[in-house]
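By written order: A, B, C, D and E. Residues from 1 in each chain.
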Amino acid sequence: MTIAVSILPEQQLAALNSAYRKAVARKRLRLLAALAVFLAALIMSSIGAEVNLRTFFTYFGNFVSYFDRILTLDSGQRVWTNVGEWFWGLHKWLKLLGETLLISYVGTLLGAVLAFALNFFAAENTSPARWLLFTVRRLLEFARTVPGIVFALIFVIAFGLGPMAGVLAIAIHSTGALGKLFSEIVENADMKPVEGIRSTGASWLSCMRFAILPQVSAGYASYALLRFEINVREASVMGFVGAGGIGQELIVAIRKFYYSDVSAILVTVIVTVFLIDITTGWVRGRLFGKEART
Amino acid sequence: EDWRAKYPEITFAAIPAENGSGVTERYAPFISYLSKELGVKVTLRVANDYAALIEGQRAGNIQIGYYGPASFARARLTGVKTDAFVIDVNSDGSKGYYSVFYVLAKSPYQKIEDLKGKNLGLVDPNSTSGNNMPRFKLNAMGIDPDAYFSKVVFTGSHENAVLALAQGTVDVAANWWNADDDSNLTRMLNKGMVKSADGTVMKKEDFRIIVKSDLIINSPYAYLSDLPEDMKAAIKKAFLDAAQKDPEAFKKLSDGKNKPWEPVATEDYNKTIELIKFVDNLRKKAS
Amino acid sequence: MLVLEGLTCRFGAKAAVDDASFQVAPGSFVGVIGRSGAGKSTLLRTINRLVTPTQGRILFDGLDVTSLRGGELRQWRARSAMIFQQFNLVGRLDVLTNVLMGRLATMPAWRALSQLWSEQDKALAMSALEQFDIAALAAQRADQLSGGQQQRVAIARALVQQPDIILADEPIASLDPRNTKIVMDALLRINKHFGITVLCNLHSLDLARGYCDRLIGMAAGRVVFDGAPSALTDLVARELYDLEAADVMGATPAPMPQGVPALGTAAAA
Amino acid sequence: MLVLEGLTCRFGAKAAVDDASFQVAPGSFVGVIGRSGAGKSTLLRTINRLVTPTQGRILFDGLDVTSLRGGELRQWRARSAMIFQQFNLVGRLDVLTNVLMGRLATMPAWRALSQLWSEQDKALAMSALEQFDIAALAAQRADQLSGGQQQRVAIARALVQQPDIILADEPIASLDPRNTKIVMDALLRINKHFGITVLCNLHSLDLARGYCDRLIGMAAGRVVFDGAPSALTDLVARELYDLEAADVMGATPAPMPQGVPALGTAAAA
Amino acid sequence: MSRKPEVNAAELRGRYPQIFDRPASSRMATPVVLAAALAIFAFGLVDLDFSPSRFISGLSQLGWISMMMIPPDPGSSLPLYLKALGETLSIALLGTTLAAVLALPVSLLAARNVVPSIILRFPVRRLLDSIRGVDTLIWALVWINVVGLGPFAGVLAIAVSDFGAFGKLFSEAIEGADQRQVEGIRASGGSALHEIRFGLMPQVLPVIAGQVLYFIESNTRSATIIGIVGAGGIGLQLAEQIRVLEWQKVSFLILMILVAVAGIDFISGKLRFAIIGRRAVA
C-alpha cells in the first residue's frame, strides 16, 4: 500500500472535524427529527388502524384459502384440469375487456390532451406569467385531488347514466395527474435549446414546439402509457355508472362467489396487464431507450 | 361459563341496509346493550360489501352477522357454517317483504311491457329484493332483463336505486316494500331525502308501483354454527330480550318501525337458497 | 453600427455588466475577453435581448433595441444571431430542422408549428450546411454529432437567420484543438465574405489575438480594455486574468514546472 | 510495475483497444494522447477492470489483474484509482462521504453500509481534502460545488484509496484554464511527492508535454507512439491528430491567418 | 446591411434528393399513426355513447350543482367526518409505507441496471404485474380471511396492491439513475451492495419519496378498500353524500380532503427537505 496522504496534525484535524460535525449535526438533527415525527405518525396510525400482529401471524395460513377456493371448479376439481369449463365465458369477458380498454383509452387520451395543453403553463420554467402558473396549478390540483369516483357520481347526475360519465371522470382525473407529471418533466428539461431557439427570434409557441417538445415527448408518452394502465383498473370502479366493463363483471363474480369465474377473469386481466407492461416497456425503449443510456 | 374465557371479545358485523353512514350511530346503543348482557366486549363492524361479511364469517372472526336474506343464503350456499337465530319482524307482525318495481308517476309507463329498451336500476347482485327476486319475477314473465332493457345497472343500495329513478338516471327501479306506509321509499320520503334532478323535494304521489313480487322472508341475524352451545343460547336470549330490556336501543335500530325479534331457523331460508340457485343458473344460460 | 450607451445589467445587487459603452463598426471582428464571471456572456445576451438591461441603451443603425417588444423584439433577435458555448441545439431534432429554426422569425406561425418549410428555406439551410461540409449529415439527429460538428450546425443556423451581427459566446470552449480551428475559421469566413459583424467571447488570448481585429477586455462587469490586439500588453493581460502572464499567454510550459508545488500551496478555490 | 501484454478490448466487431503492449515504471507520469475515439478511455477502464478485456493480460508487480474476481478484483480496483472527466461523484452525498467512498474496499461491509467510518479513515479523508484546500467544504453536497472543486474531491477520493497507480481519464476536459492548472498541479504533486504512478489521458498536447515524463499515442485502438515528450515530432503529432502541426502544437497563430479560407475548403469532418 | 449568401435551389435539390423529396413512407408515418389513434378515439366516442347534446345539457346541470354546493356546510356530522378522515389517513399512511418498504428491495431485482439478466428480471416483473392485476377488492377479501374485518385488513390490502405499483415505479426510477455515480463507487473498489447503497440510493430516494407521498395522498381520497373492510373512511362518506344529494356536505367534504392533501403536501415537503436537502426538493 502506498502512503498518499499526509495526515494532518492533531490540532488542525480536530478543528476541521468539529467544523464538519457542526455542519452535519444540524442536518442530522433535522433528519432525526423528521424520522421521529414520521415514526410517531406511524405508531399513531397503527393504533388507529388496529394493527394486531398476533392475529396476523396466527392466521397467516388463511392467506391462501381464498386463492385455494378460486382455483377450484364447482365440481371440486382444480381449474386447470378443465380449461374449457374454467373459461366458459371467455367470449363475453373478452368483449367486456375490450370495452374497458376502450373506456380507458378514450379517457386517457382526453386527459392527456388536456394535460398537454395546460402543462406548459404549470411549469416554472416555461410559464409565461406568474398568475397563469398559479391558476393552472390550482386547477390541476383540484382535478387531481377530488376522487375520480366523486366526479363519476356528479357526472352521472349531470350527464345521465352510461359510459360517458365514467369516461369524463377518468379524463378529468387523468388531466390532473398527468398535468402535474408533465409539468415536472418540462421543469427538468434542458433550457439551452430553448435559449438557442429564442435567440433566433422565435415566439413562445415555437420555443415550446421545437425546443421543449422533442425533449419531453418520450417522457409524456411514458407517463400517459402508465396512466392508461392505471385507468384500465380505475374503469372497474366506474361500474355503477354503466361504464363497468370487465371490472364490473369481476366484482359481480366476487360477490356471488362464482369462484372459478373470479380466477378466470383475473387471469384474463393479468395477461392483459402483462401485455400492456411489455408493450409500454417496448414503446418506451423505442422512444427514448437509446438516448437515456448514452 | 367458560365460553367467555374463549371469546373475550366478539365481533358483530352488519351490512348497511340503508346507507353506510347512519349505521354506526344506529347500532351503537344496541351494541353496548349486547356487551352488557353477554358480559364480553362486542365490536361493531360495518362492511359495505356482502362479500366481506361472508368471508369474515367463513374465516371465523365474525361471530354474529346481520345478513340480508340473499346474502345469508349465499353464505350457506358457499359453505359458511352459520345459523340464523332471530328474524326482523315488521310493524304489522309480518316476517317478510316484497320486491317492487317503481316508475315515476309522471312517466307514461304502466306495465313492464312499456319499458322495453329503457334503463333498469337494480340494487346489488346479492340483494334479494333488489336483484334476485326481480330477475326471478321477470323470468316468470318471460323476460330476459339483459336483452330486454337497454341497460341494467347495479346502483349499489336501495336508496341509490330510488335516487337514480328520481333523477331520471334509470326509468324503472327495483326496491323493497313492506306495506303502503312502510317501505324504503316512505322512509326516505319521511327524511326528505328524495329530490328530483332540479332539486324539488318529491312526494309519495310522484312514484308508482307497476310490479309486486311474492313474499320474501326478512333479514336474519346469524351466528357461527360451531360456537359453544351455551354461548349461542346466551346470544339468542340477549336478542330476544332486547326489546324489553333496552327498548330505547331496540327502537333506534329501525326507527321504531319493527316489532321485537322472533326466533328463526336456518331451514326457513331454504326457499331463498333455491331462488339464488335459480338466478345462478340463469348466468351460464344467458351467454 | 452597433452602439452601446452606458449599458448596465444587474442581477439582484450584483452588476453583471456595469456601465459598458462602446461602438462596433459594421464588418469588424471583435473579441471580448476576461475572466470567468467578468460579464462577457451577459453582455452578449443583453445585446440579443435574451436578458433585459437594467439601464443604458443599445442602438443598431439608429434602431433603439432596448425599447423593442413583441414581434419587433423577435425580429431583432433574428437579426442578431447568437452562437453558444454549449451549441444550444435541439438534440432530438435532425440537423436540417435545427438549421431551419433560424427561419422561424420570418414565417407564419401555423406553417412553423406544422413544420411546413418552404422549398426556399430548405435550400438556404442546405446550402449553409454545405458551406461547412456537413450537408451529408442533414438527416442525422443533432445529438449524434461530435462537438465540432454541432457547433458548425449552430453557425449554419445563425447564418440562415441572415443576421446583421453574430454574437458568439465562447463558441469553442467545449471543442478540441482541431475543431477549434474549424469553427474559428468558419466565423472568420462569414465575417470576411459576407461582411457580417462578429462579436465573440473568448477564453484563450492566443485565439483572440489570432482572429480578432479588436479586443474588448472586461473585468467585474466593466470594460477595462478596448483596442487592437497588439495593444494588449502582458501587464493588461495579467490584470485581466489575475494569473501569471506565462500561463495566460499559452506559452508551452517548461517541460517540468520549476520544482514541484509544495503541499498546501494549491491556489485557493 | 504495470505491464500490458497484447491487451485487446472489443465491443462487438470494433476493437476499441487493439493489441496494446507496454510497461509503466513505478513513479512515472505517463500521458496517453490521441484523437477522440482512439481508445484512450477504454484503455484506462480496462486497466481498472471496469471493462473486461477480450484478450491479453495486465500484470501489476507480477499479479495477473486480468484473472481477478470478487473481493480480489475489488482490492485491485482500490489499488488502481480512477479519476473521470465527469468526476463521477455522488451528487447528493456530502463531500467527506464522497471521499470516504475511497475506503470502502478496506472495511467490513456492515460498517460501510451503516456509515460507521473509523476515526482513522475520517482523518485520512479530511487530510486529503485539506491538501486540496477544500476541507472547509467537507459538509457540503458534492453537486453544489464548481467543476474544479468537484474534480479535486474526486482526486481526494482517489488518494484515500492509497492507490499504487492513478488512472485519470481526461481529468480536465470539463474545466476552465484556471482549474485545469490547479488539477494538473495536484496530480503532479501526488506523483512527485508520493511516487504514485499516474496514467493520464489528455486532449491537449501542450499539457501532455508540460506535465508528462512519457507519452503514449493511440490511434484507432493501437499504440502508435511511445516515448519521451521531446520525441513527439510534428510529423507524429500530425499523424495522431490528422491536422496541421501548427494547430496541434498550440503555437500562436499568425495574427491574421494568411488570406481568408475560401468557401467550401473547410477541413472535411 | 450584410450580403446574403446566394442559393441555387435547383442544384441543391439535385444533390440532396432525399432531403427535398423524402420518400412517402417516411413523410406519411406520423400522419398515419395519428389518424389511426384518432380513428380509435372516434370509434370509442361513438361506442361509448358520447353525444354533444347530452354533454351541453350536462354542463348546465353541472353549473347548477356547483351553485348548490355554496356554502359548504357539514351539518351536524363534523365529528363523524373528522373521525373518518383520521381513520383514512392512518390506513393510507401505514399501508403505503408498508408497501414502499417491501417494494424497495424487490424493485432492485426488477431494474435493468442492477440485474442485467433478463431471465432473472422477467419473473420479478411478471410477479409485480400479477399483483397489480388482482383487484383490490380481492386483496381485501383475502386479508379479511387472515385478520378479520377492520382497518387492519385495509392496511394490508393497500400494502399489497400498492406494492405492485411501487415495484414497477421504483424500478423505473432506478433505471433512470445516473450510471456515472455508480461507476465512481465501483472504480474505488465498492461491492454491488456499496454501489446500491451509495451510488443508487442517494439518487433514487427523492424520486421514491415523491411517489410514496403521492400514493398516500391518493389513498386518502379513494373510497373503495377502506369501505369494504368495514373501516368507514372519508371517501365513503363523500360517496354517500353525493348519493343523497347533500351538495353542501359534499362540498364541505371535498374541502376537507383538499385541506388534508394540502397538509400532507406541506408536511411531506418539510420532511423531504430534512431528508434530502433543499436543492433536491426545489
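The rule is short, and it goes like this: contacts are C-beta pairs under 8 Å (C-beta built on N, C-alpha and C of every residue); 3 or more make two chains touch, one makes a residue touch a chain.
Keep in mind it's a predicted model, so treat the numbers as computed, not measured.
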item	value
Shared chain contacts [chain A and chain E, defined touch]	B, C, D
Fewest touching-chain hops separating chain C from chain E	1
Among all chain pairs, the one with the most C-beta contacts	A-E
Rounded Å distance, chain A centre to chain B centre (Cα mean)	37
Euclidean distance of C-alpha centroids - chain B vs chain C, Å	80
Residue list for chain B, restricted to those that touch at least two other chains	49, 51, 55, 59, 61, 156, 160, 197
Residue numbers of chain A (touch at least two other chains)	6, 27, 55, 59, 62, 65-66, 157, 160, 162, 254
Residue numbers of chain D (touch at least two other chains)	130-131, 161
Chains touching one another, given as label pairs in label order	A-B, A-C, A-D, A-E, B-E, C-D, C-E, D-E
Touch list for chain D against partner chain A, complex	94, 96, 122-124, 126-128, 130-131, 135-136, 138-140, 159-164, 190, 194-196
Chain A to chain C touching residues, read off their complex	6, 190, 192-193, 195-203, 205-206, 209-211, 214-215, 291
Touching residues on chain C, where the partner in the complex is chain A	48, 50, 73-79, 81-82, 84, 86-93, 97, 101-102, 104-105, 109, 112-113, 143, 154, 157-158, 161, 263
Touching residues (chain side chain B, partner chain E) in the complex	11, 13, 19-21, 24-25, 43, 45-49, 51-53, 55-56, 58-59, 61-62, 156-157, 159-160, 163, 193, 195, 197-199
Sites on chain A touched by chain B in the complex	55, 59, 62, 65-66, 88-89, 91-92, 156-157, 160-162, 239-242, 248, 252, 254-258
